[in-house]
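For reference, the structures are reproduced in the following blocks.
Two complexes, one shared chain (subunit A), two partners (subunit B, subunit C).
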Partner chain A sequence: MTRLSDPPVGTATAVGLSVERVDARDKLAGKAEFTVDLHPPFMLYGSVLRSPYAHAVIEGIDTSAAEATDGVVAVLTGDDLADIDPYYGHALRDRPVVAIGKVRFAGEPVAVVAAVTQSVADAALASIEVTYGTLEVAASLDAALAPDAPLVHEGAVRPGLAHGLGALPEREGNICYRYGFARGDTESVFESAPVVVEGDYLFPAVYQYSMETHTTIAHHKGDDIVVWSSCQHPFLVRQEISELFGLPLDRVEVIVPFLGGGFGSKSYTKMEPLTVAISRKAGRPVRILNRVDESMVTTRRHNMKCRMRTAAGADGELLGREVELWLDTGAYADNGPRVTATAGDAAPGPYGWKAMDVRAHCVYTNTGPSGSYRAFGSTHVQWIGESQVDEVARRVGMDRLEIRRRNLLPRGGEVRPGAKGVDADLVGDIEAVAAAIDWGAERPPNRGVGISIGLLAAGAHPVSMATVRLGPDGGVTVLVGTTELGQGSRTAMGQIAAEVLKIDSSRVRTMGTDTAYTPYDRSTGASRSTTVAGKAVEEAALSVLDALLETAEEILGVDRAELTVAGGAVEAGGQAIAYQELVQRRFGLAGGELVGHGRVQPRGKSGGFADGPVFWEICAAGAEVELDPETGIVTVLRTSSVADVGRAINPQLVESQDEGGTLQGLGNALFEEMRFDASGTLLNDTLLDYRIPSFEDLPAAMSCTIVENADGPGPFGAKGCGEGVLAGLPAAIVNALADAGVAMRELPLTPERVWNQIRKQRIDGASSKD
Partner chain B sequence: MSETVVTTVNGRVVETAVEANELLLDFLRDRLGLIGARQSCEVQVCGTCTVLVDGMPVSSCTHLACDVDGKEVETIEGLVGTPLHDELSDAFVRHAAVQCGFCTPGMLLTAKALLGTEDVATEEGTRRAMAGNLCRCTGYRSILDALTEVFDAHRTPRS
Partner chain C sequence: MKLPPFEVHRPTSVEDASRLLTELGDDAVAMSGGTELLLAMKLGLASYGHVVDLKRVGALRSLEVSGDVLSVGGGVTHRELETSPLVRSLFPALSSMLADVANLRVRSVGTLGGNLCFADPHSDPATFLAAMGAVAVLGSGASSRRVPVEGFSVGPYETVLAPGELLTGVELRLPGPGTGVSHVRMKTHERPTVTVTSRVEVAGGVVTSARLAVGSVCSVPVVTDTASSLLGSAREDWEERVARCSAATAEAVEPVADADGAVGYKSALVEVLARRGLHRALELAAGSAGAGGVAP
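Right, the complex of A and B next:
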């Protein structure tokens, strides 16, 4: 880890330090509780019957044998939902809680059994008889976009509760959402440009694989509902459960223990409606614990096809870009519209185009739903755009770092019409990742290097609240809705409060989320927690500090300007009063506490959050690869990334994020791919045949440069991180492989695919010499 | 169908009837309340459910409870409080080798089994030996650094 600037000496008490993460010891002892470790009294075990067909009419379900099974308490089917509007979906309200009359993907829940043990539930499931009438299947983008394609959904699109996408367009065949923007006269730019690079590209479906699969316990008690869930966005889950089951928000409580990873797979609403529905019928708490194959069809990363072209001058000036892309959102939209818009935003790349035209389409198919996965949108398109920039450089004979230096947007430059301008030093960032892999050094044959840079619209909707409580013993409790998925949010939030209050961060405790007590937070995703929720924590702590100073003024009889704060005490004229004493003097000996509230919202006093996106996350990476031309095996020798974070609240946590993102980027680039057959069946639905990176895939060297220009809207100038490298690295690897001689237009870079491309290039090369 | 199993778990003798098809993971979690081993892949790939049986790491998700009859089982709860656990924990904390923590107990137990063996005499060997424990959060570098530090400290010098 390299930090490009050191914190100002003597000012930081907690922020900027790599303090020990607050949850590490419990996790090392196996004591940290995840949802699967909880057992509310009288809890039942749920088992989900899933459709074997990707598109079929349900002609009948016979659950009588299951219901008669000893130990079975309830069996849920679509018929049990007649008294509610059973459709949900935060973007498009297109998904029934359980299949009603029809299934749209292989793996769609058709029935749920709740029983006293898991094995009783599983056994009873096998006795349910479902009669299906199969329908024609559209299991791929090409099948779904064909003129005579079967429709996955026939009705009109209903907007969801939290789509944040403005006016939604009408559904058009299987296209459920469209996004686009343009600037300048693309046609004339491309007509007159001396260099045009163009191609068709494919990106695969990818599984997030958080090691903890989706796990939910729900208890519908009649007048209120309690949900314990491995979810990233508890307040949005609460909203959808409230709407579905017709109870007020304050009667729905969502409690989030530690999450065993998320990476987007647990964003928005997943297994919660189904679990609440079976609990409603059973009258007892029910747990549904997904297997890996079930989680794989609960959510995944969108596979995509893309057509892109780039126009440039003979001097390497980047002139125009035209992009059309189609993302496969599966049978239900989930977060597909947002992923589509973010991919569109990322498609131009951070360059000063004279003209650009982006059109992005979100497409229904008869496969499991696609949703969020770390750095969505940018991971999809950055490797395409950046490989075209490299191709332009090769054609005009310019160094690939130099072409970026000349064309990257300056600070404030327009990324797309209507959006916040560039808020980072892009040239500095790309130079850092290039330097870290010895750009320009001589290399042996079959080696290549690549760099890439892009922007990811980050921060989501900037609404977060926080509460900070200072007790009479000087201890501080932070209540904030960010969920701890492993990223270290509880540690970072504690550091922010500790810094404001000038106390040791070990005196701060940051709690898990319980929507009944924790103030509202929109979501944990889009790299927003430190920036948005962290800002709310800073404001809440400042409010507590204000009360401390007010009390000190009264006791000491001095003006605020004469007060200083250090070491958990307020001082004036050589006299220091500890916080404990201030609280006790304010309230008397009985105790009491100081409570501060903070909030971030797009409008009003938090001005940095008025324009969207909250910030542009920088996606910069470098890679050196070695190609074995006989086998097509690509080995990543070393990688580099930049964490352009404004201010590192905890540098070690920042570096950890980039290291984790690096290995996921490596998996996405080299071998991760979910494969569906033409009938819509997922062929590799276990970890045996869907491989993720292991210790053996770790590159020999990884470097992360932390850039701190204090240019973020978050606390102490911070802005988010942790996703950028996942978009940046596949692009750097693709460019490094092209540098080694093989230009690829389809991911992942499996040996077979690379070997075939080598062979094709040899044949093309030989025939062009004839 | 059930049968009686007599086993030692974390140093305590346990005698109980188990179902013939009962998994060791469920036995430990549901009967004994030892929650540190957790289910993930269910096909012996990820290592999240790793426990030690007679000192060797096994995937408790695919190991029958009746097969630990007469054997010694160690879970993370048994490792806690030992000098080795302190040493591993300190190294993991120092290198920031814990994120979500779901895989962590399995990592530590596999590490205990490998300690002092030739398998982990080199970093290359450690990578190979640890490849049965997956982590999706950290990117492995920090875990490898922490483990290498502990493995090196426990290496018997060659004469």
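Right, the complex of A and C next:
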């Protein structure tokens, strides 16, 4: 790990230090509680009957045998939802809680059994008889976009509660959302450009594969609902459950213990509506614990096809880019519209185009729904755009680092019309990843190096609240709605509060979310927690500090300007008063506490959050690969990334984020691919056939350069990290492989695909010599 | 995707196990480590009301050397075999092949006998043992018979085992001086895509014995007769002979297309891996060590 700048000497007591994760010991000892560890009294076990067909009418369901089974308490079907508006979806309200009259993907829940044990529930499930009338299936983008394609949805688009996308366009066949923007005269730029690179590209469906599958316990008590869930966005889940089941927000409580990873797979609402619905019928708490094969059809990353072309001058000046994207969102929109818009935003790349035209489409198919996955949108398109930049460089005979130096947007440069300008030093970032893989060094045959850089619209909607409590013993509790899903948020939030209050971070405790007590936070995703929720924590801690100083002023009889704060005490004129004493003297007894609130919102006093996005996350990476041309095997020898974080709250956590993202990037580039057959059945729903990276796939060297320019809108100039490398690395690997001689337009880079491309290039090369 | 209920039987002798399997008939299956069987049952690919667990049959757990023959009981785990000091010193190629089978958890429970009996077409040990000319010992308590491992599997998940018959052990000839053994494989998913094992003997500078098995691309491991073309060749001929032998091997083997690749690609891989494996085995034989690596 390299840090380009050290924290200012003598200023940091907590921020900038790699303090131990607050949850590390409990997790290693197996003491940390996850949703599956919880057992509310009288809890039942749910089992979900899923459709074997990707598109079918439900002609009848006979649940009588299941209902008559000893130990079964309730069986839920679509018929049980007649008294509510049973459709949900934060972007498009298109998904029934359980199938109603029709199924749209293989794996869609058709019925749920709740029973006293899991085995009773599972056995009863087998006795439910469903009669299906199968329909024509659109299991791929091509099938869904065909002129006579069967429609996955027939009704009009209903906006969801939290899409944040402005006015939504009407559905057009199976296209449920469109996004685009343009600048300049693309046609004339491409007509007159001396160099044009163009191609069609394919990106695979992949699964987020967090270790913990979706797990939810719900208790519908009539007038109240309590949900314990492995969810990333508890407040948005609360909102959807409230709306669905007709109870006020304050009567819905969502409690989130530790998550065993999320990566976007647990963003927004997943298994919660189904679990609440079966609990409503059973009158008792019910748990639904997905198996891996069930989670794989609960959410995934969008597969995509893309047509892109890039125009350039003979001197390597990048002139124009035209992009058309089609993202496969599966049978329900989930976060597809946002993913589509973010892919559109990322498609031009961080260059100063004279003209650009981006059109992105979100398409329904009869497959499991697609949603968020770390660095969505950017991962989809960066490898395509950056491979075209490399191709331009090759054609004009320019070094691939040099072409980026000359064309990258400067600080403040326009990324797309109406958005915040570039808020980072892009040339510095790309030079850092290039240097880390010895750019320009001599290499043996069949080796190649690649670099890439892109921007990811990050921060989501910047609304977060936080509360900081300082007790009479000097201990601090942070209440903030960020979900600890393994990224280390509880540690980082504690460090931020500790830094403001100048105390050791071990005196700060950051709690999990319970929406009944924890202040509102929009979501945990889009690399926003440290930047947005962290800013709220900083403000809350500043408010506590203000109260401490106010008390000290009174006690010491001095002006605030004369007070200094260090080591958990306020000092003036050589006299120090510890926080404990300040709290106790303020309240006159041994009790009492100081409570501070912090708030971040798009407008108002937090001016840095006025423009979207909150910040541009930098997606820069480098890779060196070795190709075995006889087998097509690509081995990644080393990788580099830049964590352009403004300020590293905890450098080791920053580095770990890039290590995790690097491995996921390797998987997305080299191995991972969900395969659906023409009938819409997922063919590889176990680790036997769905390959994720293992430790054997680790590159010999991974380097992460932490860049701290204090240019973020978050606390201490911080901005988010952890996603960029996942977008940057596949692009760097594709470029490195092209440098080794094989230019690929389809991911993943399986040995067979690479081998086929090598043969194709040989044949093309031979015929062009004729 | 959930393990359905079944009854477990735990015999302690081959006789009892065999009797149970005979009595319970088609609804019963023998289980050793269970790493393959239970997975298949979870996935709904196999279904049995009775599982006859062989882990307590002591007679299947022997591991011994007699003369130049290594005898491995059908219930010896991959990990026991891999880490056995006896195997490491007398048959390092076997040890290193096993070290790359699946993962530590699977190797610690899965057995050599179980692997052969499950007869998954994608198997490192089955390819290796076929190339070694190993013998499978089958028994039912009262009687026993011996068949070459090469013909033990007759199709995907099918073997020559008669009803009530168990694979009680496997016998392999230890590599002597001048023997080179290599096992090369490539995998794109959890199970291998192509496995090639070569066993050659070099005496007086020329090849005196050569045997090659190709696995994981067809329904069963195939021992081709192509390696005999190496017989009598000296080092200066190896480059050319191996190239021809590898090409002939790829011609002789007819891969099955599946998610691991198309036929043409697999044929190309067979040629590449056979060539690399034979060269490695020849070098080892010429250097008279016994070990062989695994990566292609």
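The rule is short, and it goes like this: the second predicted complex is superposed on the first by the 769 of 770 C-alpha atoms of A that agree within 3 Å, B and C clash if a C-alpha of one lies under 4 Å from a C-alpha of the other, contacts with A are read in each partner's own complex, and residues count from 1 in each chain.
What we mean here is this: a residue touches a chain if its C-beta (ideal position, glycine included) is under 8 Å from a C-beta of that chain, and two chains touch if they have at least 3 such contacts.
Treat the numbers as computed from the prediction; the structure is a model and nothing was measured.
In the superposed pair of complexes, A:R745 makes contact with neither subunit B nor subunit C. In the superposed pair of complexes, A:F263 makes contact with subunit B only, with no contact to subunit C.
Once chain A of one complex is fitted onto chain A of the other, the partner contacts of A:R585 are absent, as it touches neither subunit B nor subunit C. Contact with both subunit B and subunit C is seen for A:T686 once the two complexes are overlaid on the shared chain.
Contact with subunit C, but none with subunit B, is seen for A:I633 once the two complexes are overlaid on the shared chain. When subunit A is checked against subunit B and against subunit C, the one touching more of its residues turns out to be B. Legend: residue contacts after superposition of the two complexes on their common chain; A:Q652 is shown touching subunit B, with no touch to subunit C. Of the two partner chains placed around the shared chain by superposition, subunit C is the only one that A:R675 touches, whereas subunit B remains out of contact. Contacts of A:F34 after superposition: subunit B is touched, whereas subunit C is not reached.
When the two complexes are overlaid on their common chain A, residue A:D122 makes contact with subunit C while staying clear of subunit B. In the superposition on chain A, the residues of subunit A contacting both subunit B and subunit C are 119, 291, 686-688.
For subunit C in complex with subunit A, the touching residues are 1-2, 5, 39, 43, 186, 188-191, 259, 261-262, 265, 268-269, 272, 296. Subunit A meets subunit B in the complex at residues 18, 20-21, 23-34, 36-37, 119, 209-213, 258-261, 263, 289, 291-292, 485-488, 652-653, 655-656, 659-664, 686-688, 692-696, 698, 702. Contacts from subunit B toward subunit A in the complex involve residues 19, 21, 34-43, 45-46, 48, 75-77, 80, 85, 88-89, 92-93, 96, 98-105, 108, 126-128, 130-131, 133-144. Residues of subunit A that touch subunit C in their complex: 119, 122, 291, 293-294, 628, 630-633, 671, 675, 683-684, 686-691, 750-752, 755-756.
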